[in-house]
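Letters are used for the chains, namely A, B, C and D, taken in the order the chains are written, and counting of residues starts over at 1 for each.
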Amino acid sequence: MDRMMGLINLDQEYHVFNELTYFRNNASIPFAGRYRLIDFALSNMTNSGMEEVAVFVRHKYRSLLDHLGSGESWDLDRRHGGLFILPPDWNDPSDRSRGDLSFFHNNRDYFNRGKANHVLVSGSQFIANTDYKEAFSQHLETDADVTVIYTPVDEIRPEHQAYFRIEEGEDARVIGITNDEQNPNVFTGVYIIKKDLLMEIVNYCIAYHKENLFADGIKDQLHELDVRAYKYDGYHAFINTIESFYRENMKLLTEENFINLFAKPFIRTKASSNPPVKYQAQALVNHSIIANGCIVNGQVENSILFRGVEVSDHSTIKNSIIMQRCKIEEDVYLENVILDKDVHVKKGQRIIGTSDKPYVVAKRQIV
Amino acid sequence: MDRMMGLINLDQEYHVFNELTYFRNNASIPFAGRYRLIDFALSNMTNSGMEEVAVFVRHKYRSLLDHLGSGESWDLDRRHGGLFILPPDWNDPSDRSRGDLSFFHNNRDYFNRGKANHVLVSGSQFIANTDYKEAFSQHLETDADVTVIYTPVDEIRPEHQAYFRIEEGEDARVIGITNDEQNPNVFTGVYIIKKDLLMEIVNYCIAYHKENLFADGIKDQLHELDVRAYKYDGYHAFINTIESFYRENMKLLTEENFINLFAKPFIRTKASSNPPVKYQAQALVNHSIIANGCIVNGQVENSILFRGVEVSDHSTIKNSIIMQRCKIEEDVYLENVILDKDVHVKKGQRIIGTSDKPYVVAKRQIV
Amino acid sequence: MKECVGMLLAGGEGKRLGLLTNENAKPAVPFGGKYRIIDFTLSNCANSSIQTLGVLTQYSPINLNQHIGNGKAWDMDRRNGGVTMLSPATGKHGGDWYSGTADAIYQNIHFIDQYDPKYVLIISGDHIYQMNYQSVLAQHKATNADATISVIEVPWEDASRFGILNTTETLEIYEFEEKPANPQSNLASMGIYIFTWETLREFLIEDATDPDSSHDFGKDIIPAMLGQDKRLFAYLFTEYWKDVGTIQSYWEATMDLLDEDSGSPLSVAREDRSKQIYTNEANFPPQYIGGTGRVTNSFINTGCFIYGDVSNSVLFRNVLVKQHASIHQSILHPGVTIGENVVLERVIVMENTEVPDGVQVYATKHAEPLVLNQENIREHFSEMEGMN
Amino acid sequence: MKECVGMLLAGGEGKRLGLLTNENAKPAVPFGGKYRIIDFTLSNCANSSIQTLGVLTQYSPINLNQHIGNGKAWDMDRRNGGVTMLSPATGKHGGDWYSGTADAIYQNIHFIDQYDPKYVLIISGDHIYQMNYQSVLAQHKATNADATISVIEVPWEDASRFGILNTTETLEIYEFEEKPANPQSNLASMGIYIFTWETLREFLIEDATDPDSSHDFGKDIIPAMLGQDKRLFAYLFTEYWKDVGTIQSYWEATMDLLDEDSGSPLSVAREDRSKQIYTNEANFPPQYIGGTGRVTNSFINTGCFIYGDVSNSVLFRNVLVKQHASIHQSILHPGVTIGENVVLERVIVMENTEVPDGVQVYATKHAEPLVLNQENIREHFSEMEGMN
């Protein structure tokens, strides 16, 4: 029986998040009121029926460990398969591998052990609510070595720069994987590959001192392999900068986008035990996404409040993203602002950023 | 209500295990047929009613992560409290802490959050089946700042060298923590400390550029603190060298020792789904500890077989430790040997070590 | 051995809750925007470190079983102990319906014995309150009591509607009176007991053989204990406590949640982490408040979309309130859809009900709040049509 | 939506297992050194990715409930689906005892419907075998069948003791005969069915209204389907399969485990990871074989201490065999203690029994093996005393 396992490779993800990644890796960045970026990749995998998911982590993954726990929230707390967090292991004296190859090298047993014969590889920065079953069917029908998933973008923006572009020929064959900035067919970083082939490519890359599995082992070997393309054209976002992070959060305040991303099957995240949102007498909330545990007694417009935020009376929050457990005292005015977790804004403060460049406050500050 | 949490600090543990720790840290070394060293510290904590245990890990902890999983085997898969693996986190630009202090520094929130007001700190190399409730009662009754647990040893051996010795005065007061090699009162590495005080000592150590919480913050501050001693005199072992590892395994083949260490409440370990041991027609087994999943058709004397070992007919195993899934073909003779996991011994081999220095084969070798 | 085993009586049918208990056992009725009634008692157990709990049901209600599951939400998925559902059928060849509260415990003596506890806590699953049972246990031990009964002071004029305990100044109980005409005390039993198991066990066995007994704690076991000079003490509870046995009290308890001075659980939980309320968490997206939404003095749960006016109300998950709708002093259960121009006041709308555009339903101030479901909404609608 | 929901009939009392089922439901009887009989079927489900399973019991046996728990051992602790215990009392106000296998499924139509499955797998919990139900399902789909019944070839001379399916060469079933006097086929039904749910659902509803029906799959549903020209196929199973319905067959199936050529599950599981057997793991120390122990041709579980002679036997956890004892062709359940100089042959000793020093109990070669528990051991002992 053909089965896929998931692999979320967080090594070598390109990101410019400044304050937001001082203490966490990019996969753990909060998004859309109650999620972390990794929830999308992970939920898409489990919603596609995968029962086994590995995550390659290198740096700053303590908050990620805490978020993922036993994998229970994604139904991945299994005796067989389930969720495996694979940190690097530098202690093999015979290890010559580099870059993300060292993860594969050090976890070879893990890959050999599982039941799946195909691997779906993903990063954490392509955000969508999608089901990979259809892509997998195409992968099996065409008997492709590799099926890369791309999405056509309406407008080429800076966050797309980091991604390869896909040139598709007949029968979905990939005839080019390029850095052509004019090509709107952006590779999502998601691809399906035969597991045996993956391990072969790993061996090749290590033998030839390569550092990047996809770039060196697949892109540069394109003509040796049967690589096909699968087009995803649903709602999506690429998030790898503060600007794209802010813009994509704001886009969700349009109902249509919100409903597109949060259709069933739902994206799953770690459960919390927050009570429902409490709106008090002075609350005036419009066009906003509010997570449980908030207490709102001020004006909130076109903004996102994460879990447990308190907004006191006579305060106004506009076009802003307020992360977990921030406390906004009375008479505060915030516009085009991102507050990371646990920020405390004192009475009477005014903070105004621009819509291109929001003002960011790192976590646990008192301002 | 007074509560203890557990902390297993694997940083700075002294060990000389050679082959056995190429690919794992010392806490993950297999012991007594189905356990890993860390199972003893962890089970003693949960058997004492602790509901929250943190583990500081620095290197080679992948196999430890795999072993501990969600903590379920120790009933530590809890929403509140439970098991936390705390790897180091090197990314705080303001971090001036060194040695094991950096773990405390980086996980300050974690310690502040929990419900416990006392912390029991332990390593993984003191092996016993004990209940810390009595030591905790003494700690509370004497209102001590710190209660150190020591054990008197019959014979001072090389493995005791790495441990401080305790000099006890009146009312269980500790009047000296020394390196006096003639003192048989060996510190077990286990102590109970008030949580608030622990965090104060952490601050002090970091401020003064210290590297070792116990040596710098407690031993050297002995006269500033109310430190008491608690004597444990049950069955125990200190394991930090191949020699002590071998000797302590062999000691368990004496029924009395086996029963002392494996009395109720049992030491818990990760569950596996191995079938019962299968003894075949030619089996001749005496004075041995055999774990489930083994298939035995040869002679096994005074030895320990871990899970899933196969011993073929006309083979003899004497005074040896054979770890998980080793395969011993026909006509093999092993004496005073340690085989790490997955070793395959071919037909007709003879390997003989000495009782002082067993012959060790690293994992996955074919010999 | 476990020091204290909990036994939660969750068998109440809750007939006085009318439609709300038509499809649901009373403890499983939704309450407080995301909880079920029994969550408050289960959370008390979690917050009191009661980790071995038998839940007694009169039958084996599938939604209650599924809600509690393995008890993980309350950290009761323990290797030894944890939560066990005990229906009368859990015997070798099935058993009899429990004939009273004491009989329910009697029929599960073997369950309790396997943990060899020193104490047994007996509670029920249909009250809204936050109590640390360890405090009761501490008093029970300190007084060396055979039984400790939690009590609450009720207004003197209401005392004759309760089971009243007459005590000495040290709170030692010398008499129990069920609904006394002339109450001598206003300390009403809350139905929360701690017994020393050895003593209770004897009384249960004796009571079981008495053909005249109704096998009830209040009516039979407590009087019998008093008759034999056992030590019984009252534990005085002074915080928020509410029985949600009727539509009116269910609605009032919900309105209490919105009043931050009422001391009701959600406000307390916010201030005090040791009093949090836990439930089996669903996984819905956060709520979306549209451009035309207006929400004040309300609790709103995940998955809601609000385009209308909501005030002094509690909305469970996945509720849609369309434009120009106005919801006041109402409770909307999960999955409710409110059409445009709907007006509701003092109304409880049951799970998954669709309220069509333009429907207006009010309960007047002193009347019992109205309960709407998909069936009776049509009646209200056609009545209204008739009126116009 | 789930493609296939499993329904496991675990209600058998197992009367022919005598003492073994006195305190235990048949599926919960210990088997194979560390398992219970039902583990083999549950492991088949785990190995076949059947992750939504209803377990139907006639009552709600507490040891079976505790053994299965939340299904974690078989990876069935799933958020959506997983394992659900279904006793007849799982209705609004309890229900009737199931009157037949088909009635048991009929009474749980709502349970199945909530997963909206295309297929339903019906199995029972009292056979020892390893089958991948996905292979049956694959054949079911390939033949576009309404029902697929697993069959095993039995010796022709035994065929009249079974439910026999008469098929065409393509294994399409045209007739079902319960214990035919003159069998036309030796394909016996194993009681393992896959049905297309939509079809089965109709037949169940129709059957439920038939006052003359015994509500049994073999006797009623299958003949009714054949009568209406539905497509029914046999799935031919050729591996190890054993009914453990009697003491004799229970003992034989145990002895099969020791015979590596019998194809019985434990040997197969060792070679093939996809056929492992899972159970709720206990946490005992490894076994200790003393200086005087001698063990051959046996399975021994954790926690045992062996100082005597053990051959051709299966020992469950925590068994102590003292010096000079001799155990042959016997089965010792958990916690058994065998005294010095005890001799047992062809004996089954039940949980926690202490066999005093010097007791000798044999069953002769052709007699049914003897079952010992703490009560009847005394009789054997005093008989023996009388003999000396």
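We take it that a residue touches a chain if its C-beta (ideal position, glycine included) is under 8 Å from a C-beta of that chain, and two chains touch if they have at least 3 such contacts.
Since this is a predicted model, take the numbers as computed values, not measurements.
Averaging C-alpha coordinates per chain and comparing to chain B, the farthest chain turns out to be C. Of the two chain pairs considered here, A-D and B-D, the higher C-beta contact count falls to B-D.
As a whole-number value, the distance joining the C-alpha centres of chain A and chain D reads 46 Å. Measuring from the averaged C-alpha position of chain C to that of chain D gives a distance of 41 Å.
Within chain B, residues 77 each touch two or more of the remaining chains. Chain C has residues 77, 278 in contact with two or more other chains. The touching residues of chain C, when paired with chain B in their complex, are 46, 72-73, 75, 77-80, 134, 274, 278. Contacts from chain A toward chain B in the complex involve residues 22-23, 59-62, 65, 69-70, 72, 77, 85-87, 89, 91-93, 106.
Of all residues in chain D, only 32-34, 266, 269-270, 276-279, 281, 283-302, 305, 310, 314-315 touch chain B in the complex they form. Chain contact summary for the complex, chain B toward chain C: residues 1, 75, 77-80, 115. The touching residues of chain B, when paired with chain D in their complex, are 32-34, 73, 255, 258, 262, 266-269, 271-273, 275-292, 295.
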